[in-house]
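Sending over a structure as structure tokens; questions will come in a sec.
We just call them A, B and C in the order they show up, numbering each chain from 1.
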């Protein structure tokens, strides 16, 4: 890792409009802003690794709103908040219902009087998660403009129906460090492929987040899935345009082999077909339990036709020098470990297990970086001050 | 707002016996003590608004005991605790049962070894909530006197069957700032009126808290409700005596129009009839589910006879210059927004929406003020020291 | 209590290998290490009682994993973590399942990126709790060695199937202070006896923890239980060897009277028979609900044969001068208070009630001490520095 002064210089040079803003979608942000998030994450990690506490808040709440349980994301958010001095407060009441209108407007204000950041995870309903976050954002803006809120809390998207920016940015930071730099990623081939899982209804946000982000850094992005398992069409379109603009490449395939061929990185992962997710959303809205059960049955049957979409040692041999980096957002469905047959062979997973853990380890810092950049107009000056005179994280002699 | 030095002077001048004590009912406290709570809340808000952290604890727990879910109060308590440096720890286990005797005595001690404040919300059973808090208080006193507890945690009533002091005090602070001073409230007419809601069994503590508190500041308090919807008789009696003592006025009406006439403030809100609450309490104690269902049916039918008890634009015209301040503890049942027909017309609510949010925004500071006054024998000296040398809440250049 | 400098000297003199290690079983630790835990607990308590904040962390998570609800242990852990500056984060997802293999390995790492301590309570399955903690420990070691975790979090056993070290060590600290010193415990007789309770399936870890620990300090440990209510045989064996090595004594009886005779301390408490717990574990694993119900019935019937195993005033007269110290880990089943007939007569309990509360009051400090010794290679230097220049816990003039 570059030394701290160099990191600070990098951050300082990058123009950005992150201050006072939400982080909902990576494609709403400029390349410079994304780089700034990465470098700030590295600065925070550097300080903590040196036992210097990068605490910028003396008090303040970090509210988490999750529609479903999520150990990994919950702990990442809690770690990030705690690292910076914020106290997590869960807003469980939102779990079971989709709130709209005055309810959202009021709730957003009621939980925000002394709140600095709100992390929302809402990936259950296609067409709903991102919309909800936007509505929430407008409510906060309204409260702030009208003098209800002394500060405008920033929203961080902890996974919606469209994007999973804390995941994809952590993945990008992992790639940056694995290959040495963002520049080194140019021309590298990443295979984002569907893989078989015995479960049903996994969200589209991870593959969408990956193709939406990696195409902006000059990478060759190969998306592969069985017929009918396409992503939200607008996002596939956007990936294509991103690639054109960045000097990268984006192509869709219907075999794992095509995607794996000469790949530098593979990211095999299950997801539900877009059309199924749309149908599911309608059934969920109508609370049609029979319909949901029937859909699940159909979907699992359909899934079962693609059992051989598995990341095997054989297929890994197709990749660049047979040694592409295997990635996963975890938990992976590992064949004969976590299920009878799944996304990846145990031998492949075990070889890259530690790398997938490291990949996940960047997420707390990515979230902390998003908070820092949303709350501080000039993070570099504050971070430099902390580096010089900062307090130890753990007391020592 | 008066400047900080003036606020500190006000607090210093007010005699009080708040140190080391619980805050259970506003009517247990002197006028000077209530004023001290208000001014300290303003001092804390002032400091935080200036980005100075009014943290007085380096560690310590703030235990919350809630018998029902409550987003707003929970967040207010969490915000207040966090602002002062305490860590909220929920005591969920109490939710489903009413504990007595040795169980209360033991639990109170077991959760208090390193605890500074305990917030209790217990409004489900008439005749139970306040009694429970008193029993809890005695258990803490016993533990403290016998050397079990190194400090005596203060209890804050976050809503009981009799009073809702953090709500009524936040309401009072809102009125103080809206009309300019406590003195300006003398002679002002506030209409605390029942209003129709499609739900059932809302507690009496808000209207009781309002008539119990506002009558002490020389206000003209008009309480209005349909026949049979009276409050706890002793509290209505007390309100009358308060008014006599403070030079105010207290009167009961049976139409909204009488209460709204020339009112400066209106507070239309649903509550369950006292007699129904008593019956409900008996059924809950016996766990008589059929009885509860029957009672709910009867009660909703009865409620439905008073559907026109709604805060309408027409009725608002009856108030002083047609522009009385509308108040609500939130969430309000807004007609054709949150329900078919409810407590208030959408047009009225929308006009005062931001004011109701601001009203709610005082609650964290009221709770923090109650904690500060319970834990510090001389809050002014500490607050002055913080104002001079205090640490920033959010780091900046 | 000895003054602070003396305590620090005691700690400094004791050799230990606690740094960077877990605390799973007291019998894994040397006598010196156990003494170090006790003295450090006293140092922390001393500082806090003097209103000096013994905070050693500026940030960091303390993860709690509980398989069942536990108010007392939960609050002790939260208090200890908070006292030292750590933020508790619950890992609820583990409640319902026993995870193994890759799931444990992955979860252990995913929740530990910024975590300093993990408290685990897992006492439901005989043969499972301790094994689970060991597996968790290996996973953390693996993550730390492979560079996934920047620090190796220490695990604290908050109760397993074998031992309950935070309880037994708090009990020991209580005895140390009650009788004046550890030396004063030599030759003192403690009666760890079974007692009747109307409930079923209480864990063996408390009596096992007591006989496993107290036999190491030269005490005369009398274990009494009805036929068939024996503990894990290996632990009874170990207790015998401990006693031989420490100059103490360990003997098993089958009447309360034999154990109470001339005892200095009595610890009457219900537990399930070892063989029943083994059967129950098998049924739980098979999720055999009918089997569990049948077993409970048999077990309660069997229990009922020993209703006269109660700590009565009469039996207390058999103890040394009729005034042995009564101990309990709480909550006790008090006859005619918390149940019809239980472990202890109300008169006996009431006489020692405050002592049992004080006994419990040591637990937060024992846990904090375990954290401090696991995280700091040289706690004395840090504690001395805090004592001299430390920050106030609660601000004052």
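Just so it is clear, a residue touches a chain if its C-beta (ideal position, glycine included) is under 8 Å from a C-beta of that chain, and two chains touch if they have at least 3 such contacts.
It should be emphasised that the depicted structure is a prediction, and the values quoted were computed from it without experimental measurement.
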| item | value |
| --- | --- |
| Turning angle required so that chain A lies on chain B, C-alpha fit (0 to 180°, nearest 5) | 120 |
| Type of chain A:chain C copy interface by residue overlap (half), same or different | different |
| Chain centre separation (chain A, chain C; CA means) in Å | 41 |
| Sequence positions of chain C contacting 2 or more other chains | 55, 87 |
| Sites on chain B touched by chain A in the complex | 48-49, 53, 55, 69, 71-72, 74-76, 78-79, 82-85, 87-88, 330-331, 334, 337-338, 353-354, 357-358, 360-361, 364, 391-397 |
| Chain B residues within the chain C interface of the complex | 55-61, 63, 87, 89, 91, 93, 101-103, 106-107, 109-111, 113-116, 143, 146-150, 375-376, 378, 381-382, 385-386 |
